[in-house]
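Only one structure is covered here, and it is reproduced in the block below.
A, B, C and D are the chain letters, set down in written order, and residue numbers restart from 1 in every chain.
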Amino acid sequence: MTEPIISVRNLVVEFPLRRGLFTAVDGVSFDIMPGEILGVVGESGAGKSMTGAAIIGLIEPPGRIARGEIYLKGCRIDNLPPEEMSSLRGKRIGMVFQDPLTSLNPLYTIGQQLIETIRRHLPLNEAQARQRAIELLAEAGIPNPETRIDSYPHQFSGGMRQRVVIALALAAEPELIIADEPTSALDVSVQAQIIKVLKKLCESRGAAVMLVTHDMGVIAETASRMIVMNKGKIVETGSVGDIIKRPKEDYTIRLIKAIPSIKDETRRHEVPVSPKPLVEVKNLTRDFDLSPGFFDRLIKGSKRNVVHAVRDVSFDIRKGSTYGLVGESGSGKSTCARMLVGLIKPTSGNVLLQGEDIARGLSQERRQMVQMIFQDPYASLNPRWRVGDIIAEPMRALKLVSSRSEAEDRVADLLQRVRLDPISMRKYPHEFSGGQRQRIAIARALSSQPEFIVCDEPTSALDVSVQAQVLDLMRDLQDEYGLTYLLISHNLAVVRQMADDVGVMHSGVLVEQGPVDTIFDNPQADYTRMLLNAVPDISKVE
Amino acid sequence: MLAFILRRLAQSIVVMAVVALIAFMLFRYVGDPVASLLGQDSRLQDFEELRERLGLNDPFYVQFGRFIANAVQGEFGISYRLQQPVSELILSRLPATIELAFASAIIALVFGLSLGVFTALKPRSFAAGLIMTLSLVGVSLPTFLIGIGLIYVFAVELQWLPSFGRGDVVRIGSWDTGLLTSTGIRSLILPAITLSLFQLTLIMRLVRAEMLEVLRQDYIRFARARGLSNRAINFGHALKNTMVPVITITGLQLGSVIAFSIVTETVFQWPGVGSLFINSVQVVDVPVMAAYLMFIAFVFVVINLIVDILYFAVDPRLRIGSGRR
Amino acid sequence: MSSTNNSTAAQKPRTRFQRIWDSDVFFSFRRSPVTIVAALVTFILILAALLAPWIAPYDPFNPASLNLMDGFTPPNSESMMGNYFVLGSDHQGRDVLSTILYGSRISLFVGFLATLFAMAMGISLGLLAGYRGGTTDAIIMRIADIQLSFPAILIALLIFGIARGIIPPSKQEGMAVWVLIVAIGLANWAQFARTVRGATMVERQKDYVSAAKLIGVHPLRILVRHVLPNVMAPVLVIATIGLALAIIEEATLSFLGVGVPPTQPSLGTLIRIGQQFLFSGEWWILFFPAITLVLLALAVNLLGDWLRDALNPRLR
Amino acid sequence: MRKLLITASVLALGLAVMPASAETIRWARNSDALTLDPHSQNQGTTHTFVHHIYETLVDRDVEGSLQPRLATEWKVKEDDPTVWVFKIREGVKFHDGSDFTAEDVVFSLDRARSEKSNLKQLHSAVESVTAVDDYTVEVKMTGPSPLYPNNLTNTFIMDKGWTEKNNAVEVQQAGSTDDNYAVRNTNGTGPYILESRDPDVRSVLKINANHWAEKKPDITEIIYLPIADNATRVAALLSGEVDLVQDVPVQDVERLANTAGINVETGPENRFIYFGYRFGDAPLKSSNVTDKNPINDPRVREAMHLAIDRNAIQKVVMRGQSIPTGVANPPFVNGWTPELAAYPEKADVARAKELLAEAGYPDGFSITLDTPNNRYVNDEAISQAVVGMLGQIGIKVTLASRPIAQHSPLIQNSETDFYLLGWGVPTFDSAYTFNDLIHTKAGHFGAYNPSGYTNPELDKQIESLATEIDLDKRNATIAEIWKKVQEDRVLLPIHVQVLAYAMKDKFSLAVHPENQPRMYEVTVNK
C-alpha cells in the first residue's frame, strides 16, 4: 500500500467564543490515498468544512487547531510557519469553494489570476504561464480559451466560472484538492458537468480529492469512500456503497432515510374529487424591461431589451392537491409563484381562484385564502419582531381577530400545531434554528386560515433531516386542513415525494406537465429527461 | 461610455442650473449690498439710485435671467467690493486654493491610505487601536481650532513656520505658484495640514472599513488557497478591490476640500477663493458670492465626471457589459 | 455555529435587562475600556449640561446678575469684587465653569435636535427612495449627491443667510437657535438618506416584506413597522457620529459669527470669544470650553465608532 | 516652460537684493483698500492706502489741524465770501513725469463732485471750480462755506492728461460692468509709487525719488498686507513676519507692549461709540410694553444714562483703550467741551430704578438691542456689557448681533428700536454730526437718525451752521444745540475709541486721529 497523500490524526479545532469554547472539529482522523476521492458528508455545523480549512491552513481567527496532527505525504504541516504554509497552498494542496460567483476577483481577468497563480508556484515566464493557463482552461472545458482568457469573471456564467475556479485550483498540479461544496450553488444540469470535470481532471493527474458536501447524491455519484460527520465527530467511515446501502450508525441510518429520492414512490393520500379546480392559471406571461437608458439607445441605437420571464403558462391546481413546479434557476418558476399570490402583476394572462381573477389585486377575503411560505427562513421573518407578532400579523391585518387575547390564543394554538412551544411567541426569530423558523413561517401562513398556500422552495435552505421534518409537517397540515399547495422547487426528489401533479419549467415556458409518477417515470420532453438524468441521487450508487 | 458621459453632462447641466437658482435666491437674502457699498456720507437718494442702477429693484425673474445669461458667458460682473471683474478675481485666486487643496489632498490620501491599510491588515494590534482612537481627535476638533493651535505652537512659540499668507510666489504664465520658493513651501505646511486632517481621518476610516470588508470576501480566501503571498493578496487583490468604493467617496471628499478651505483660508489668511468668498460675504459682494457658488458646483460636476471615468477604468464590470450600474 | 442558537432557543425567555446585558452589543461594550470611558464622559457631560441650572455656581445667562468688574479673573481665584471662580471668568465677568455648563446645554440641544431633524428627513427620504426606486429614487439621490458635495458649513451659512432675510429683524434672535438647528440638519440629511436607501433596497427584497405585502399591509405601514426597525442599526451609527459633527458644525458656525447670540453662548461661541484672548494671557477663556468641546465630540465619536463595530455582525 | 522657470527664479532673486540704505516696512491691517480710484469710495481704509500714492490739497496732521499739502495756502476771497482761493504748490510732478498744474486740480475737483463719485457729498456746496492761472484755483460755493477746506482732506488730485488718455474720466461705480483703468493703475504725486497689487493679499509701494518734499521718508518700500483674522495678525507680528500692525485688538495691547522688540503707540481716534433708540409715541416692536413707547419718556432715557458704568466698560471691555464720554463728540472736534463730556463716574442703579418707577416701569420692560459684531472695537462685547447693566435696573434687553452688512440696513430703514453705532467726524466740526445724527430724517439730513427724534427748532439751528460766517456766533449755536441734545439725551454715548499701532521697536509712528497712518512719517531708529 502506498503512503497516503494526507493523513489527519485526532484533529481538534476550537473557537473561543463569548460563552466558552466551541469545538468545531473534535478528534477527527482519516487518510486520503493518491487518486482517491473521499466524500465528507454531514449537515450544517458538522465540522466538515472546518476540517478542510484546517488541512489547508485557512481557519479564520480566533479559530485554531487545538490538538492533533496533519501530515502531507508524511511531513507534518499543521505547525508550519505561515510563510511556508502559504507556499504549500496551491502548490501541493488546492481548494475549490462553493460559490463560483464570489471566488474570483472581479477586477482581474481570469488570465491574470491564472498566470499569477502559475508563476507563483512554477518557474515559468509570462508567455509560458499564459500558454499553460490556456491549456488548463481548455482542459476544464472552457470553449475558445485563447480569447476567453482575457475576459473578466463577470463575463462568464456560474458554471463556467466554477470551471475556471477548478482550473485555478489545479494550476500548479497539487497532490490534494479540497472541494468544499463545489456544486451546491449550481443548477443540477451544470452540477453534473462540473462533477465530471473535477473527476476527470483529478484522475488524469492522480490528485486526491476531499469532497466536502451536504449532498449525499453528489457523493454517491463521485466518491469511492466517504466519511459521515456530525457535531465535529466522525460518525461512520467506509465505502460509499456500504454506507448508503447498509448504514451502521443510528445517525447515518436516520440521515439516509431522510434523503428523498427521485425514484421514491411515496404513497400519498387520495385527493378528494371536486368538479372545478381551485386555481386556474391561464396564459400567464410576464416580461421584464431591461432596456438600456435613453442615452444608450440614442447613441448606440440599441434596441429595447425585454426578457420574457414567464411565457404563456397555463395549468390548474385541484382543490386539496399539491402541484409541484420544478425548474432550474431562471426558469421563471418563482416569478410564477409571485404572480399567483399577487406580489407581481402579470403582463398578460389570468389567475383564477375559485373562478375569480386574483392576479391584479386581491380582495380582502381572497387575501385571506392565499398564503405563501418563502425559501429563506432567515429573511422571511422580521428579525425585530417577536414571533407572536409575526404570526399574528395576518390576523390583525385582515381583521380576523377582535382582541389581543384572542390573537394570543390563536397564536399559541398555531405554534402547537407546528410543534413549537407556545412560549416561543415571546421570543425573537434569531433565537431559533432554521427548521424552527420555517415552522414559524408556516404558522404565519396558517394564521389567516388559507385554502391555498404557495410554497417557494420551502426546504432548500434546510438540512436534509430538517427538510424531512418540515415536509412531514406540511403533509400533516394538508390532511388536517384540506390545504392546496403549489410547491416550487429545484429539488426533483422533494417534488416527487410531495406533489400530486407536476409542471416542468424551462426558460419561462412550461415544457411538460402531468401526474407526478407519469412525468418522473416516463418523461416526454427532452429537457425533463435531461434534468432527471442529471440529478445526483443516492439510488444511483453502484 | 460616450452615452454615459452624455448622460452625466445632461445631469450636470441640471445640477448647475439648480445651483445657479439656489445661489441667486440665497444671495438676495444675505444682506443689503447697498448698505456696505456706500459710506457714512451717503444720503438716502443715493441708496435708491444705487439700488436702481444695480437692478435690485427689478422683479426677481428679470434679475435671475440676467444672471444666467451672463453666467453662461463666464461673466459674473464686477465685484462690488474690489471693483474688478469677478472672473478675473477668481482666476487670480484659484492657484492658491488649488495648490492648498492639492497639497492637503495628497497628505490626506497618502496618510489616509497607508494608515487605513495598516489598520485593516492588523486590526487587532495595539498600534491600530491607537491610530483609530487618535484619528477621532482629528474629527473632534473644529478646523479653526486646529489652525489657531498650529499657529500658536509653530509660528508664535517655536517660530518655525510662517503664520499667514503664501510666502513668495513665482509667476508661470498666468499661474502664481508658491511651490518653487522655500517660503512658499514653508507657508503651505500649516494650512495644508489643517485642511487635510478631517479628510485624512475620513479616508483612513473608509479605507479600513472597505478593506476589512474585502478581506472577508471569498475571492481573498480563494487567493490564499491558491497560495499567493500575503503581499500579493493584500496589495494586489485586496487594495485594488478596496479602491473601487473608496474612489467615489474620496473623489467627492477631495472636491469638497476646495470648498472646505473657507475656514482654513480665513485662519491662515491664505489668499485663495475661500477667503475671497468670506470677505465677500461680509460686505455682501453678490457677484463674487454667486460666482463662487457656481465655481464650487462646477468643481463638483467635474470631479463627479472624473470619478465616474476612474470607476470605468478600475472596474471591468462597468467597462465591459451593458455599461449600466 | 448554529449550535449556540439551538441551545439558547431552548431556554426560557429572559427579561429585557438580561437580554440587553447579555447581548453581543453590550458584551463588546463591557470588553472595551476606551468605550466605557467614552460613555462615562458623554454621560457626565450630558448630565452636567442637563443639570446646569442646579449645579452651576452662577447663572451666566442672566445679564442682570453679572458684574463687569468680575471680568478676567484667573482660574481658582477671587475677583476684585470678591467672587470666586473655579475656572476663572471671561470678559463679561461670567463664570467660565457656569458658561461651559450652560453652553454645553445649548450645544447639545442644537446637536441633538439638528441630528434628529437630519435623521427624520434623511430616513423618510431614504425610505421613500429605496422603496419606490425609479425616478423618485433618482431625484432624491441626485439631490443628496449635490448636497454631499457642498460642505455642510457652506450650506449652513447659506441657510442662515436666507433665514436672516426671511425672518423679520425683531424676531431673529429668538429664532437663532432654531435656524441653526434647521441649517445643520439640512446640511446633514443626505448621509442618512443614502444609508437608509441602501439598506431599504436590501430589506424590501426580503421575504418578510413580501409576506406583509401579501396580506395587504399598507406600504406606509410596511415601511414604518417592518423596514424601518431593520435599517436602524446603521442609522444609529451615523446619528452618533452626526451628533459629534453637528456639535462641531455649530461651533464652526458660531466661530464664523452666525451662531447663537453671545448673551446665551454655546461652546462654539465661547471658543470664538475665547480665541480673542489667546495672546493676551487669559488662556482659560479659550482653553476650558475648547477642551470640553473636544472631549464631548471625541467621546461621542468613540461611542459611534464602537457602535459601528458592535452592530456590524460580521466583525463580531 | 523651462525657460520660464529660470526667468521666474531670476526675478525672485532680483527682488531679494536691495540697496543697502533701503528700509522696508511690512504693514498689516485687517482689510485692503477697496479700489485705487481715489474718488470711487469714501472709506477710511481706502483713503489711508491712497494717501501714499495720491495727494490732497490740504492734509490733517496727528493733532487734527489742517496742513498744506498740494495747496500752499487757501483763503476766502476778500470781496466774495462764497469763493475759496487755493494757491497751488509749484514744481510738483506726477509719477509719470508730467507737471502738476491748476488744470489738474480743477479736473480732480470736478471729477470728485461728479454724479458717480462717492465723495460728491463733501462737495455738494460747490458751484464751480476754475483755474485763475497755472497755480491758482478758485472754488465758487453756493453760499458762504467757512469750513469747506475741512472737506478736502480726502479729495485726491489726479493727472488730467493721464486720466483722459486712459478713459477713466468717469468714476468707477459699484455694480457697473466696465473695468475702469483707474481702479488698478495710479499716477499720483505722492511719495510712493505703486509697484504691484494683489487685492486682499499684498501691495508693494516703492519710494518716489522725485517727490517734492524736502525731507525724504525713512521708509523706501512698503509691503501692505491685509490680514483679516485678529489672532493671525497679532501672531504675524509676534513671529516677526510683519513690522507694523495697524488694527491691534485691545486685549493684545498689553501683551504686545510687554513683548521685547515690540513697541505699541496709542492715541484717541476721531470716532465715538454711542447707542441710539427710538423716539415717538408708537409702541416699540420689540418691547413687552405694547401701548406706548417707554423710551419716549425722558426719565427712562435718564435712567438708562445713569445705569451705564462707562468706567467699567473702559476698564474691562476696552482694557483701558478708550476714553469714556458723556457727549457724542470726540475731544478734538469743534464744539467739544469737558463739561459736555462729563459722565457719571459710577452707575447709579438706585436712582435709575427710581426714575423708571416714576415713569411707570417699576419692573422695567423688555427691548431688543441691535449691535454690529465686526465693525467697531469690541462692539459686540460693549453691547453685551450694556445688556447686563440695563438688566440691573430691570430693563430686559435681548441682544441681536449681526455683521455690519446686515446691521446697517436696520439703521438706514429705521427698523431698530435700540442700536449701537460708531461715528467719525472727518470735518472735525460738530455740524457734521448734527446733520446726520440729530437733524430730522429728511432729504440731505438725518441719514443716520433712525430714531424718529425730531425738533424743528433744532433743525433750523443746524441748517444755519452751514452758511454762518461769523465763527463766534456759529460756535455759540453749536453749544446751544449740544445743550439741547444732552438735555433730551438724544444719544447715549459710551466712549471715544483709542487706536493702537504695534510695531517692531526699530520703527516709530504716532497714532493718526482718523486712523490714517502715513508710512512716510515713520521714523527708523538706527
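One rule holds for everything that comes next: a contact is a pair of C-beta atoms (placed from the backbone, for glycine too) under 8 Å apart; a residue touches a chain by one contact, two chains touch by 3 or more.
Because the structure is predicted, anything quoted here is derived from the model rather than measured.
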Interchain centroid distance [CA atoms averaged], subunit B/subunit C, Å: 24
Averaged-CA centre spacing for the pair subunit C and subunit A, given as whole angstrom: 46
Rounded Å distance between subunit A and subunit D, as computed from the means of their C-alpha atoms: 85
Per-residue overlap in subunit A, given as positions that touch at least 2 other chains: none
Of all residues in subunit C, the ones touching two or more other chains: 164, 275, 278-279
For subunit B, residues that touch 2 or more chains besides their own: 30-31, 148, 152, 156, 266, 278
Chain contact topology (line, ring, star, complete or other): other
Which chain pairs touch, all of them: A-B, A-C, B-C, B-D, C-D
Residues on subunit C engaged by subunit D in the complex (per definition of touch): 62-69, 71-72, 91-93, 164, 169-170, 172-174, 257, 261-263, 275-282
Residues of subunit A touching subunit B in the complex: 56, 58, 82, 86-91, 94-95, 97, 99, 102-109, 116-117, 120-121, 152, 154-155, 165, 168-169, 171-172, 292-296, 298-300
Complex contacts: residues of subunit C adjacent to subunit A: 1-6, 8-9, 12-13, 24, 27, 206-208, 210-217, 226, 229-230
Complex interface listing, subunit D residues touching subunit C: 230-231, 234-235, 238, 249, 251-252, 254-256, 285-286, 309, 312-313, 315-317, 368, 370, 373-374, 380-381, 384-385, 387-392, 394, 396-403, 406, 410, 415-417
Sites on subunit A touched by subunit C in the complex: 15, 17-19, 22, 44-45, 231, 338, 341-343, 362, 364, 367-368, 370-372, 374-376, 379-385, 390, 393-394, 397-398, 423, 426-427, 430-434, 436, 441, 444, 448
